[in-house]
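Multiple structures follow.
Shared chain: chain A. Partners: chain B in the first complex, chain C in the second.
Right after this comes the complex of A and B.
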């Protein structure tokens, strides 16, 4: 819990110098595509900030999001974030249990009134009086309401908290709700993904700490620094897409040559996330690099997009706003994918022949 | 240097650069950006940072840029939340800075245009803390009589 000392002072006692702040900020500025000069301001901001109280609420979820953020490889640069925050409540990670755990939550809320951050993973079931999921004798909905009341901001991590996710998939038996639908009077930052990229979670928290404000968000409430480009915009297989060279099955010649996975259902064109650049497991790979199309896990309704192996086609309601963003961002890729000319597709299917972007955009 | 010899040398430099330019247009573009930033720094004192990690750089581009910039007089290894490496390039004021994270994974890579990269400087707050620490240790723990100064006096 914060005791009035700054992070700079707290960490200096443990032998962490201001150089470490500068290094961490250079790393984040690079991740978040901030102007490199911003890293000095970020380093100063972090060093002067108090340790941030964080209350982490887990509702209808699978704990994959917690796995992701704690999946640090060794105690170095990437997990400095755990020195910057004070995780005052997290029922999976904290040592306390039962009443002591709930007391810790109330204590943190009282001591950091108006300043603490609530991280939520999991959706909140509101059907049947919200009784489908309860913790410590109260419903998730009650716990959320009670905890966000005096928060500074709410961070919804994972697609379940951000958009409802798998619990929200049709027919949504528990009437699962995303956090933004339930929290109206506090800023809610969505960091979607199933699970979200750990760097996106850490980077967003560090931004809030260093600058004391909410980073710039897209229309789905996601930080633009991590969700500004589609997978397709940054995909290394994109030249094959542009040339109309597609794998038709997972073991054909095109697949072996590393051609575009669009026809095998890749949702890259309508999915906004940083997997293609930050990658996973410490930068080792990401689904497309491992030979499988993107599932679109960071998008609303990803579970109900009509099948993981069905190519994205005509714009549906869900694709609409995304396509609009793609155009605004100067990247017509999402639109082009949504409007693939049928004849061009058939032609390409015939023998992996070349289809240019122009062909694809010549829509009926 | 003999002007003729100099001309011949810079001639080879240019030939080498032209060869590199063909290898890596990206490295050449960066070299131009660095050159402009260096001129700015001389004129206005404004430092610049180019984030290499945000560029679609292949290993070949990185190698070409490293060749073009060459090696300078200073190489420093830092132990700060993992390793970091600061190298002066063959052009004074142009530094190549690499920060490593877990498993020596490259976390950030930048070209800095400045007299000395900030991460090498000790921060004022750290110096203040060090001064306190040193003063406190002098109060509680008198130092051994044999100091470096004493040793030096023997030699004199």
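Right after this comes the complex of A and C.
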């Protein structure tokens, strides 16, 4: 629970030097593409911020987002920051269960009214009276409405919470909804990805803590700092695309040489995320670097975009047989039309009578 | 509706509709012309018709000297945008993937900067031919709404493709959707307009060449 101490005090207690803290703040500020002066403001803001109460709601999700945010290879300052966030409710991470867990949620809501942040992962099923997913006897929709009512801001973490994700994939049997469709009166920040990059989550939360406002967002509600560039634009394999050098299969010479994966269905050109720059597992690698195309997991409907191995420019459905049927149909209709015209020609010829001079002289 | 939804629509059902109209329409018109046929020529042929017909299909691609001298700029522009169209449609990597999806065949692509250069050249050339059409009194008199319509449809396909590749004006996925839809409009217009000259041009040239050949006349 929040106890009134500021982040600065807590970090000092942990033996984190001011120098290390400033370095971390400038790292975060540069991640967020903020101007240099903002790094100092961020450090001051963060140091003064009280331990932020966070309520983490998990709905139709797979816990991959939590896995992502908790997996760090070495204890970093990010981990410390997360230590200093008061995670007051989180199914997977909290020790309490049952009624004690729900009591913790209500307590945090009452104690930090109007100030706490709600993090949501997973989509909310609203079909059939929202009964597809319930926690502690209430539906996910009820829990969301109840918790968000007095929140300062909502952070939808992961593609399911941001855009509906896999539960929302056709035919969407539970009528799964993204958080933004259900929360209209609070700022909702989407940090999409399946899962999202840990730095994107940490950086966004740090921004909210330090400046007390929502960072600049794109049209999908995602922080521009992390979702402003496409994977394609920042991809180290981009020069191969420009030169027209493509891997044609996952096992050919081009693939071994690390050529562009466009033809193998890489969705990098239509995907906005920071994978190509921040990378994963402490900057070790990202999917394209390991030889597989981008799936486009941070984009809406990435599950229904016509197959992971179909190039972006190609039609999403099977069109070969359709084209063949159209050509055959067109040919048949062409033959029919041609024959009709020929018949008309023959008929016209038969009906033709020669005009004689006598005919021309006829008066009536 | 978001740009991603529009892209899904453009790559999915809209493309299927456009492809069916294009493929069926073009085949219908070509087959119809062939089935109607021509009145048999009973006169004795002075020389073979086939060779003359085939060679005319190509020789008529070379402009007459007099015509070229009169307006070289416009004729060169015409070549540039037709060659540009061919290269962009058949030799750019993203488009080859469309061909692979339709026919199952694929072939090597040209480097992006080269395709890019030809696209810019084609856009400029299309503007030249449009200005010429509007300034030349005879051409202007002969031009109908359809001429401007097919010009606009072709031009938009070029322009939106260029803008999409370079992430200009709109985000890539939005511009890609607009580009695909503009091409779908072109495909739908194709069988009903002068765009059919892509195919009928060669039939007409062959016919002219073959007729001239029979008569022993140089075509």
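Definition applied: the second predicted complex is superposed on the first by the 309 of 364 C-alpha atoms of A that agree within 3 Å, B and C clash if a C-alpha of one lies under 4 Å from a C-alpha of the other, contacts with A are read in each partner's own complex, and residues count from 1 in each chain.
Keep in mind that, in the parts below, a residue touches a chain if its C-beta (ideal position, glycine included) is under 8 Å from a C-beta of that chain, and two chains touch if they have at least 3 such contacts.
Being a predicted model, the structure only gives us computed values, none of them experimental.
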Which superposed partner A:41 touches (first chain B, second chain C, both, neither): neither
Touched partner set for A:255, first chain B, second chain C, both or neither: neither
First (chain B), second (chain C), both or neither touched by A:111: neither
Which of chain B and chain C A:30 touches, first, second, both or neither: first
Which superposed partner A:283 touches (first chain B, second chain C, both, neither): first
Chain B versus chain C as contact partner of A:243, first or second or both or neither: second
Which superposed partner A:17 touches (first chain B, second chain C, both, neither): first
Touch count on chain A, higher of chain B and chain C: C
Partner chain(s) touched by A:263 [first = chain B, second = chain C, both, neither]: second
Where chain A meets both chain C and chain B, residue numbers: none
Complex interface listing, chain A residues touching chain B: 8, 12, 16-20, 22-24, 26-27, 29-30, 33, 36-37, 39-40, 47, 72-74, 76-80, 282-283
In the complex, chain B residues that touch chain A: 49-51, 53-54, 78, 80-82, 84, 97, 99-103, 105, 107-110, 118-119, 122-123, 125-126, 129
Sites on chain C touched by chain A in the complex: 2, 4-5, 7-8, 11-13, 15-16, 19-20, 22-37, 93-95, 97-98, 100-104, 108-113, 167, 172-173, 176
Residues on chain A engaged by chain C in the complex (per definition of touch): 219-220, 230, 232-233, 241-244, 246, 262-263, 269-270, 299-301, 304-306, 310-317, 319-320, 322-323, 325-327, 329-331, 333-335, 337-339, 341-342, 345
